[in-house]
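The structure follows.
Chains here go by letter, A, B and C, matching the order in which they are written, and residues are numbered from 1 within each.
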Amino acid sequence: MPHEVRMPQLGMVQDSGVIVAWLKRNGDSVKAGDPIFEVETDKATMEVEAATDGYLSGVKAVEGDDVPVGGLIAMIVEAEGDVEEAGTGVPDAEPEDVAVVEAAQWSDPEPVKQPISAPVERATPKSVASGRVLASPKARRLASERGIDLHLLRAQGVSEPIHVADLDAAFAAGGKSLLSAVVESTSFDEILDCSRTADRTKLLALFAAGAWRATFDASSVSVAIKDLDGRIEIVANPDRGGAGVPEDPVLTLVDLCGTRINGYVPMGGGVTLCVTRSAAGYGLSLAFEESRLALSGAAALVEDIAARIENPLLQLL
Amino acid sequence: MPRDKSANSEAYLRMYRQMVRIRAFENNANQLYLNAKMPGLTHMYTGQEAVAVGICEALTDEDRITSTHRGHGHCLAKGAELRLMFCELLGKEEGYCRGKGGSMHIADQAHGNLGANAIVGGSAGIATGAALSAKRLGRNYVTVCFFGDGATAQGLWYEVMNMAALWKLPVIYACENNGYSEYTPTDEVVAGSLTARAEAFGIEAHQVDGQDVLAVNKCATELAERCRRGEGPFFIELETYRYHGHHVGDINRDYYRSKEEEARWKADRDPIDNFGKWLQSEGVAAKEELAMIDSEIGDEAAAAVKYALAAPYPDAVEVDMHVFKGVEHALPYMSGERQ
Amino acid sequence: MTRGITLSQAVNEAIAEEMRRDETVILIGEDVAEAGTPFKVLSGLVEEFGTDRVIDTPIAEPGFMGIAVGAAMTGLRPIVDLMFGDFLYLVMDQLCNQAAKTHYMSGGKLSVPLVLRTNLGATRRSAAQHSQSLHALVAHIPGLKVAMPSSAYEAKGLLKAAIRDDNPVVIFEDKLMYQDKAPVPEEEYLLPLGEAAILREGSEVTLIGTSSMRQVCERAAEILDGDGIGAEVIDPRTLVPLDEGTILGSVRKTSRAIVVDEGHQNFGITAEIAARISEKAFYHLDAPVIRMGAMDVPVPFSPALEDLTVPTPEGVAANARALVRGVPVHAP
């Protein structure tokens, strides 16, 4: 049986060896124990001995070749007649035979349990104004589930790190913010006077819906109209002739123009728009939770509604 | 031929076969390693065969041994099979330890082998404990603790020899003095005499030519019998020689021993050659018969290598098995999952 | 029926009961026979079981540890007595390289059913080499089980379970608790390894305390009651295996956890348990998990210094209060 001569594993940390000198030539007769070539590794130069008697055959490497451990270098054949000619080129290790190289060769690399997941690095763009809000993992999870923006909580003066208790406090009654505006114009009165059929409250709902749609780029906008008897009517897309099915209202409109009452902040959540009438014109007040509606958005909304009341024709035409 | 002579012949030939089997195993293991077909590292027993065979042929399957990092010879001499040994060396599922131990940890409980040990001198306590069990449980087995001259520098041995002597335990400490403690000549690391060290504990000590399988066997047989009669413990220093370096790949060893010295041991004191010649001179076997044994065992070893190379690796699911007895998978268990 | 017995008596009873039940159980160690150990835990056993089974050894920890490993591999079930936990360093090779790995390295063929009984705990004015709590060293090694009894009740139930276990189990008794009494059933019982105990329920913070730190946590919980803070106290009882389910379930409920242990804090048991909570209950945490281990200095001799190194009920309560009130323990 022909015997393979491979680059031996000589040290504990050796990947390859350089053939320094051949001590036997292709076709030479060798005896077990005869040095056949010299190898230089990271440590030293040493002789590699023939493992069996026979003839050196099919030598694949020349002096100076750096041969990977396990690489086939030559054969030792039993009969002189079997000797093959020397080849050329640096031989590669033959992976199907070599067990020392890759762990994957003898075990299925698929992790069975306790996989160590590599942390996924995400480039999180820093929020321009604010940076990261410090919050407990649970507070962060609950804020996300409840749709609370932790930046807004911080803006309201909640101190960091934010805990679950801070979220709960923000939900309690004291969490309302109020924005108010005055429209010193009577243009809206003229429209109402001109048309007998015009309903002030419905027109206000139309303005509010249009402003919401424009401010927040919303596709469907339902508005709840609440009176002082507590009755609530939900109108779908009042700025589009009431098309569509009423959904959860984005805001509640309370029209107080016919009364002397000049403000109303309801209990509970949600956005409430109150419209009042004074000698000078109209008063707007928007009650909202900054945890749900950012101050900037609320302000833009109030500005837009005010502009529509100031110049109603633009909206109606 | 008289009856006992025939019985002896059988025993002699068995010793010869066992030594040849170890030699063949090691030659194949060496080639597997050099050809990068074997993962890890291994230490060759070649040259020391008469020690393992001479002692283990004096023992029964009931008797225990503990072995060393240079342990293939002990394991085979105690009855292990070539195929399962090669499978273990190659990390295969069918190996003695399901591929979890490798060259330095082969254990074969069925034949009383409590395992090789990769800590030099690490098994001295285990062997002494096995002897304590024998005494405490009233079993009649003997334990042999194999270790090298290098291990005599470890403190553990002295602690357990002290207790073995105090408690008269049936244990034989068998020191294979192969002349080299890893890459250092033994006389540079051993002060005084090894036998005197055992004698200091009141332990009877013997020195035997470890290249003479019959001398080793005779001594071991006598001491094992005396152990069974409660006369233990004993110490034997066996002078022997390792043909290879400390481990395969320790080829460039001129700095600690000469090629001439190696050649002299191989030419004059080879345990297999010399025993073969003796068998011929005594008329136990003809040269041809011995050659036939060599060739049969050579074929058996080659077939075992072929078998092991083709054998499957253990399934990945086994990686956390056998951590705890009685626990299927250790990882969920350690997190509190009820089994 | 229960009666109050000391931890020392509980250990003695556990060993005696198991030695009566199983002939293969032996005791081995320094001065375990007539002396009954310096803590007198084993007094009386040699009279009942004789010197064949209660074996005094020379002062040679690696030697008798190694002998116990070999005896365990061949049919005996040794209980090894290591006089002080600090001597673990002496037996590390036999315990960690031999006992812990034998079953695995042999592919499940050999096993090492032994118990290593030793102790932990500072404030006995014994200085740095007789006061350490080194359970983290062995809990780190796969193949070893580790039990940490926190009273006489646990000491008996866990030790009996450990003796019957087919694997090496290291059990750490707090040497300051040997004379502490607790109610222990007269009937036989075992405490399975890997089951934690919830000793007190509470909804605002979970205090996890091992060994005598369980008592520290219980006293902290009483202090917190006065502040109107409900603390839940958990004793893991064993570190390997660790009953994660009970710990994580509690932390998911309370959102806050403090882990208290007498081993050094750095790279220790508190770190390990805190890490598992952080990994597996992260989204339920409303505060960082706080580790409270022994101070990372060698244990000093002077009482004035030694007392500073071990967690106290007041310290645990202060940290718990801070967590519940949302005051960061460490600056964010």
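As a working rule, a contact is a pair of C-beta atoms (placed from the backbone, for glycine too) under 8 Å apart; a residue touches a chain by one contact, two chains touch by 3 or more.
This structure is a prediction, so every number in the text was calculated from the model and none was measured.
Chain C has its Cα centroid nearest to the centroid of all protein Cα atoms in the structure.
Of all chains, the one whose Cα centroid sits at the greatest distance from that of chain C is A. More C-beta pairs touch across the B-C interface than across any other pair of chains. The centroid of the Cα atoms in chain A and the matching centroid in chain C are 43 Å apart. Chain centres here are Cα averages; for chain A and chain B they lie 60 Å apart. In terms of their C-alpha centroids, the spacing between chain B and chain C amounts to 40 Å. Shown for chain B are the residues that touch two or more other chains, of which there are none. Within the complex formed with chain C, the residues of chain B that make contact are 64, 66, 95-101, 105, 107, 109, 114-115, 117, 119, 122-134, 136-137, 139, 143, 155-156, 159-160, 162-163, 166, 321-326, 330, 333-338. Touching chain B in their complex are the following residues of chain C: 24, 26, 52-53, 57-58, 60, 62-76, 78, 93-94, 97-98, 102-111, 113, 142-143, 145, 165-167, 194, 196, 240-246, 276.
For chain B in complex with chain A, the residues that touch the partner chain are 27, 30-31, 33-41, 90-91, 248-249, 251-252, 313-317, 319-320, 329, 331-332.
Residue ranges of chain C in contact with chain A, taken from their complex: 255, 282-287, 326, 328, 332. Within the complex formed with chain C, the chain A residues making contact are 134, 136-139, 141, 160-161, 163-166.
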